[in-house]
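Contents: one structure, followed by commentary.
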Amino acid sequence: MLKVDNLKINYGGIEAVKGISFEVPDQSIVTLIGANGAGKSSTLRAIAGLVKASGGSISFDGEDITSLPTAKRVAKGITLCPEGRHVFPDMTVLENIKIGAYLRNDSLEEDIQRVYKLFPRLEERHWQLAGTLSGGEQQMLAVARGLMSNPKILMLDEPSLGLAPIIVQEIFNIIKRINQEQGITVLLIEQNANMALKVADRAYVMETGSITMTGTGAELLANDEIQAAYLGRKK
Amino acid sequence: MKYDFSRKKKRDAVLDLLLIAVVLGICGFLEANKYNYSYAISIIERSMIYAVVAVSMNLVNGFTGLFSLGQAGFMALGAYVTAILTIPVSQRPSVYYISGINPLIANLSAPITLALILGGLVAAACAALIGIPVLRLKSDYLAIATLGFAEIIRALIAAPMMDTITNGSYGLKSIPGFSSIFQVLILTVVSIGLMVLLINSSYGRMFKAVREDEIAAEAMGINLFHTKELSFVISSFFAGISGGMLAMFMRSIDSKTFQVSLTYDILLIVVIGGIGSVTGSVLGAFVVTAGRELLRFFDEPLTVAGVSIPLFRPGFRMVIFSILLMVVVLFYSRGLMGTNEFSWDGIFGFFRRKRKAVKAEGR
Amino acid sequence: MSLTTFLQQCLTGISLGGAYALIAIGYTMVYGILRLINFAHGDIFMMAGYFMIFAMASMPWFIAVPFVLLVTTVLGVGIERVAYKPLRSAPRMSVMISAIGVSYLLQNLATYLFTALPMAYPEIPGLKKIFKIGGLSASFVTFFTPVLTIVLVYLLITLIHHTKMGMAMRAVSKDYETAALMGIDINRTISFTFAIGSLLAAIGSILYFTDRMTVFPFSGSLPGLKCFVAAVFGGIGSIPGAVVGGFVLGMGETALVAAGYSTFSDAFTFVVLIIILLVRPTGLFGEKTTNKV
Amino acid sequence: GSSSSGSAASGAAASKSASGDKVIKIGVFEPTTGENGGGGFQEALGIRYANQTHKTVKIGDDEYTIELVEVDNKSDKTEAVNAANKLMGEKVSGVIGSYGSGVSIAAGQIFADAKVPAVGASCTNPQVTEGNDYYFRVCFLDPFQGTVMANYAMQNGYKTAAVLTQLGDDYSSGLGSFFKTAFTNLGGTIADEEQFQTNQTDFKAVLTNIKAANPDIIFAPSSITTAPLIIKQARELGITSLIAAGDTWENSTIIENAGDSAEGVVLSTFFDEAEPANDEAKSFIEGFKPYLKDNKQDEIIPAVSALGYDAYLALYNAIEAAQSTDGEKIKDALKDVKFDGVTGSISFDENGDAKKNMAFIKTIEKGQFKFLTTTTIDG
Amino acid sequence: MNEVKENVLKMENVVMQFGGVTAIDGLSLEVNRGEIVALIGPNGAGKTTAFNCITGIYQPTSGVVSFKGENLKGKSPDCITRLGIARTFQNIRLFSNLTVFDNVLIAKHLRAHDNVFTATLRLNLKEEDRMRRETEKLLREQDLYELKDEIASSLPYGLQRRLEIARALATSPELLLLDEPAAGMNPQETQELTDFIVKIRDQYHLTVFMIEHHMDLVMQISERIYVLNFGKLIAQGSSEEIQNNPEVIEAYLGGSEDA
């Protein structure tokens, strides 16, 4: 479905991503893990069209989208929940949810109820300005907003950041559910590699701008090196 | 500019001395041939005066992150104080010929340096008062409030009730001029020098901290209000000094000299030079002032080989100037210097890059 | 002061306030979306005045008016494309300087093309019709301006709060990137905002100049500044705020001049502004910026 | 509107004189842009025309070509300082200008420091020449003009007056206050005094007050930008009083912009083409009309053009008398020149002001300026 | 150290309301000298708000916050920092365009003796020198010295967190408040941070009060834990007590899954 080929990203001369290639098959969950600053977020931003790729190509459903503007990519069904939430602080929770469905013209009612069910806290606070929500609440809102666009592929950049353990589990359950029930493809970045690898069909490990390892979630979970480097299990 | 002077490279020291010598040499030459180069001198003097106020504006806007547009008002205060104190007593009756002069100031006079400093102090005192209420405001609201105060100051200066002090609508004239270009040079260097020292001191760092993140700054024990007020007051002090210098440069002032457009001009200089760069502001002052003058030939009818080019007529200069301005803003959106300061390394680096680029093209 | 004089002054205040309000809305629109003080707004307004002079010289008014609205809108959108769009990622200050630059350019261009001398503004049939009631006299625009202002405000608020375009505008105002992630076309939204802003400037210019009869290159600068103040007064970004601000300033100014304090009529604008800001740091109806730590 | 592209011809003639010829330079210090750009341009036209008719001057045995160096002071004091310095840099022997007293005052010190004499054409503020040995002028002064209008008003039975002036503008405030003094001295009453801000375009509030005061005459000296606004808005409010002003209002743009409302407005001025004062004036009127046409201007001679012409003549005569290109000597010679200019006979008093005791009063009738009367006052 | 537990921070019945929302509802807690105490709870429980009430960013609607017996009511944030409370932020708030060195140096100014004149005219060189030396020392201790000339925002996330802590330490605090210091760190980095917190506590004789969602970290080092839900304290005690408290499990920890 999504294919990244030899993608390179430059920030003022510094190469943050150094020619990576990977694929996200239809209806799968794929995760990118790696240390801070490895270039994971940059990769997702490039796929969403927020940063220009300095080399390589990105194709979606067999179509080259490398030079398409962000809005057009969203229209094709690529949605990114950015790192750091980025809710619209001066809009209410409900407005934030609605704007997630900006490109849709059908009725939203059902979907709104669905995300409310996923995140009851949001229903409770639907009138509140998003800027005053707690960190975790904002994170929920960002994920909810992403779901509203009915994407073909949903890219989540550290969705569990700052969430309470119980919600973290919930988020991963939701990821699995939307993948299975709605058939949404998911591309996930997580620091919580442990859980990410558990839900992932396929995983890629990034280090300083390159992909150094790949395998199914289970394979990597069992890998000693990965355990030492990302799962915090010494030995 | 670095704190550790001992490590400064020899080359830089030599080059610095050379630069100083060249500047002094040029000034000396101009001074010696005053009558041949009065135009050049006037451009340079005006640039220097604008450089002082631009740096002062940069201090609040660029280094402290307070969007203040009150510069013209503080300049007006400095200018009027300086003018009132320095107009020769004998000339005063003819200056205040319509409404007469207030007996309080009729015989009040001060030597130039003292008058300038007093002008700066009055501006600073006024800024201190204004700062108490307005520095609570954020970004654009602060900008418009300070701009408002500048306009209020201007309205007060022009008010008929102030006729016997500021000469209301008629303005002040017979202000003594500079004795030589060196006087301007010294005043400029000292003013900017003091501001640079401040910016690089621990207080300057606090200004920058407030600019970067007010909440974090407060969490570091920085008192927001005191720090902002300090920066605002010091900036206004130097704005006042430069206003006084402008009065001496122009020899006659009235309230219209200090309209909002003056503030815009200075803001322009600061942004073109680079917000947060002192050398940028100085460079900007020269580029903008000189640029505007050098384009004068666009106003004159141009005839090439007997055919007069129709575009060239009065007003064309300013059209070209505004277009050039837009070009600079659009293509150097961070200003000529960005946030960098002048350094010899920078200069050499620039040329080296150029040469490389040329070589690369050559291939 | 006799009653007639008083009522006459009130009429003056209302018509001035109405004109200020119309222009202030344009400011507030653009600011609300772009966080850009569009210093060129007053000059777009001035150019609209010149456009009308030339349009009326060669076409009947019912063609000239839509034509001028269109040309002004194109001018506004064009300015956005050339002078603001390339600066999307530049520091805010640079964009503002660009706006000041455009303002300079328009003024200088007008001086160059049309000279500094004022030119007579054509009369649009009906607008200038003078009504006399007792000792009072006022033209049709005096009444028309406030009414039109209210209607436009209603339409704009509906647009911003109850349409998708409005939602997009509000999203873009906060965060370009995230707005784009919602599928919003940033450039189209901004162009649209400018189109509306310039359209308002054009409408404002017709009413304003009809009442004041001449146009010169600096006609836009003072109303521009005052209306910006009106917008800030009302809480920049807030449309009802801009209207209230416009009327407060227009009427306050008239009252002050009428009372014989012309000297302070400009200063008054700012005094009122500063007082309001001290009580409400984001203007009368300004939204508090939500900045949770 | 007025366009100036035709001026290219004369300008070119001035600046590109064949090298080798002896040249004497005269600076033209006028605003061609800014608030007073219109008036400044008209004044410059008169100067350029004078330069065509009096192209060369004989000093000793040498024939000197007079070359004009024009700078734009943009009606702005700060700009004026640079513009003046530019002229000094060009080594001019004398300067003419400027329209608008403020810029002249600002530049006065610079001319004096460089010992270059300046002859003002239409700058009527006393401060221009006051205390400045190097500044002369060929027009009358504001006190004189204010008095003239006060005389005219009283003589024609207007007993109560309202004065409307622009704040922060020395011309307007000055003239207003001189009118007030003279009018009260003559026994009139000032019924109302109002002021307005620079760039103000809405005068209804002040005019409503004036209407309430119901004066016989409204004296509203102001720039040509504001004039049509005041006139039209006054009439719209139903004010029927006579509206009067000073020399700036003699400008056809006022008639163009104020239309019918301008009918009956009265103003004082320096010059009237229907009443040539002398032969010089006659030949000027004949020659200048076609010149105006060449420059795509209306064929009504603005007074400021006539004054510009006279200012040039004053300098010309002084250069001839001084037999030198040296500023100091020309200044000394200026003190003693006496010649017939197109606005009357001109010589300077100890202040450097033209000794004039006559002004023309004009009115607007059927969309034209019409000569009404001349007024003289003594002393 | 004293054998009697001296309490450094005390909150009594603190209530914080925003319009209709009661973010903290009668919170009372104590933190004793030398302790590492954690504050946990679901998202939106009011943890950050509690920190904001302590550091003066919000003034509590009612209740008393005291530091070493001194009531903090009405004190501004800078004043509270001066008293000896330093903090980090949930969303990193570095002086992002300044260098690592300057970030820390700015915080040092709090305890400097100079004024704007002596500073501008360089009459305070000794003082300046002292601040620089101390900054250098601190950076070396925190393994940030190599990066001293880097621009703060260019650092990887984990190091930015560490720098924020170093900057807080530079104000010479007695009490350090950490708001989700491990957010955005992978388990490996979290482990390093855990050791780091203990290390600085001992090295600088600090009291640490932190908010955290990473349970490994919390359980490993905190001597006591407070649990907040809907602004109310629902539990307090040692790691084991908390881990086995059914109410906490239900509201916060969730099933057996390790987070």
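Order as written gives the chain letters A, B, C, D and E; numbering starts at 1 within each chain.
We adopt the following convention: contacts are C-beta pairs under 8 Å (C-beta built on N, C-alpha and C of every residue); 3 or more make two chains touch, one makes a residue touch a chain.
This is a predicted model, so every value here is computed, not measured.
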| item | value |
| --- | --- |
| Target subunit B, source subunit A, minimum contact steps | 2 |
| Centroid comparison with subunit B (C-alpha atoms), farthest chain | A |
| Greatest separation from subunit E - chain, by CA centre | D |
| Subunit D and subunit E: spacing of chain centres that average the CA atoms, whole Å | 74 |
| Chain centre separation (subunit A, subunit C; CA means) in Å | 43 |
| CA centroid of subunit B to CA centroid of subunit C, Å | 31 |
| Where subunit E touches two or more other chains, by residue | 48, 57, 89-90 |
| Multi-partner residues of subunit D (at least 2 other chains) | 33, 37, 41, 167, 195 |
| Touching two or more other chains - residues of subunit C | 108, 111-112, 263, 266, 289, 293 |
| Complex interface listing, subunit C residues touching subunit A | 164, 167-168, 170-171, 174-175, 177-178, 180-186, 287, 289-292 |
| Residue ranges of subunit E touching subunit A (in the complex, touch as defined) | 18, 21, 40-45, 48, 90-91, 156-159, 180, 183-191, 213, 215-216, 251-255, 257-259 |
| Touching residues on subunit D, where the partner in the complex is subunit B | 4-5, 7-9, 11-12, 15-16, 32-33, 37, 41, 70-72, 77-78, 81-82, 85-86, 88-91, 102, 105-106, 108-110, 113-114, 126-127, 130-131, 167-170, 172-174, 177, 195, 198 |
| Subunit E contact footprint on subunit B (complex, rising order) | 3, 194, 197-198, 201-203, 205-206, 208-209, 212-213, 215-224, 230, 234, 339 |
| Footprint of subunit B on subunit C - complex, ascending | 31, 35, 37, 83, 86-87, 90-91, 93-94, 96-98, 100-102, 104-105, 108-109, 111-112, 225, 228-229, 232, 236, 263-264, 266-267, 269-271, 273-274, 277-278, 281-283, 289, 293 |
